[in-house]
């Protein structure tokens, strides 16, 4: 009965991609640790790029330097 | 001084229901563990049904099978 | 299918108290928001007092000032 | 490689303030614990005042009593 | 630069199994959402069965009913 | 009334360092966002290096490659 929380920046993940992610993580926990998929919970959170920092800068700032 | 995080799917919880939940959890921690209600923090997060998975499927998909 | 995370300081909560807390939160979510108790997950985390801060001081320090 | 999650009520923090917060926390972890800023991740979450409780009441209710 | 938090009950996952889980989740995020594996962070938390509840009962209690 | 969760690997942070971290984050939130330090909560979690992954490998493995 694992609980998985996935945080990503909100940059356009589709419903299909999120469904694939949920299915894949659930299967991975079953294969690796024999966890029951029926009770595996996965929650995806999409975070604005202004609110995500790495290396002391926001992702909004990182995206600008990549252009 | 407990901290409680409640994640639910965003399917129309009202401000009144959320206030009842916050009051109830705070009281429960006082009664069960003698925690000071004044410093008990409760944060409710409402998650889109596309972003919540159980049994390897999104809640969006579960809702369809229930109709 | 809510997910609840409760963080408290590790100051001797018993298995019975934790079971009471889990039962109570699950019931509260059923009564308030009509959530299915069978799929409600509650995770309690007990945190050392050196690792919990409030008002800029650790709980270890707060406990000293209360004696 | 620390991970920091900051939850605040969504009451108008600007992109500049959030960038300052991310930069400051990253620097603090470097100075205090010698953590590598390049791999320090900070995620800020802004929570509606209806969803944040303290002392058994929502922040929405607290804000009313302060007027 | 996703952040993944996996909570499981502490029932003997080995270092090898945890390494497999970390590698698998990182790969899944790359394949599904094109996320950079170099900056993908995964944190596994192992929770005592007394502290994990489902269906209003602790996992400790569930394990007894399964014997 | 912010809530801050800091996750680091458990590699020997002292009680003094953790107290400094708590004080510093609380002050930073006051200076940057005018948050009341009295109700700012900070929780530090120390995670075994086997349970922390980056770039698809555990920190235990990373530490070996650095020697």
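Residue numbering begins at 1 within each chain, and the chains themselves are lettered A, B, C, D, E and F in the order written.
The criterion applied here is as follows: a contact is a pair of C-beta atoms (placed from the backbone, for glycine too) under 8 Å apart; a residue touches a chain by one contact, two chains touch by 3 or more.
In this text, all values refer to a predicted model and were calculated from it rather than measured experimentally.
> From chain E, how many touching-chain steps at minimum until you land on chain F?
1
> What's the overlap between the neighbours of chain C and those of chain D?
A, B, E, F
> Report, in whole Å, the distance between the mean C-alpha point of chain B and the mean C-alpha point of chain E.
21
> Roughly how far is chain B from chain F, going centre to centre by Cα mean, in whole Å?
Inter-chain centre distance comes to 26 Å.
> I need the residues of chain A touching at least two other chains; which ones are they?
1, 3, 7, 25, 39, 41, 43, 45, 52, 54
> Graph of touching chains, which shape: line, ring, star, complete, other?
Looks like something else, not a line, ring, star or complete graph.
> Considering every pair of chains, which are in touch?
Listed by label, chains in contact pair as A-B, A-C, A-D, A-E, B-C, B-D, B-F, C-E, C-F, D-E, D-F, E-F.
> Over in the complex, which chain D residues touch chain A? Could you list them?
15, 18-19, 22-23, 25-27, 37-46
> Note which residues of chain B are touching chain C in the complex, please.
Result: residues 1-9, 13, 17, 20-21, 24-25, 28-29, 32-33, 35, 39, 52, 54, 59 of chain B touch chain C.
> Which residues of chain C touch chain A once you look at their complex with the stated criterion?
1, 3, 39, 41, 43
> Can you check the complex and tell me which residues of chain C touch chain F?
Chain C reaches chain F through residues 7, 45, 47, 50-58, 60-61.
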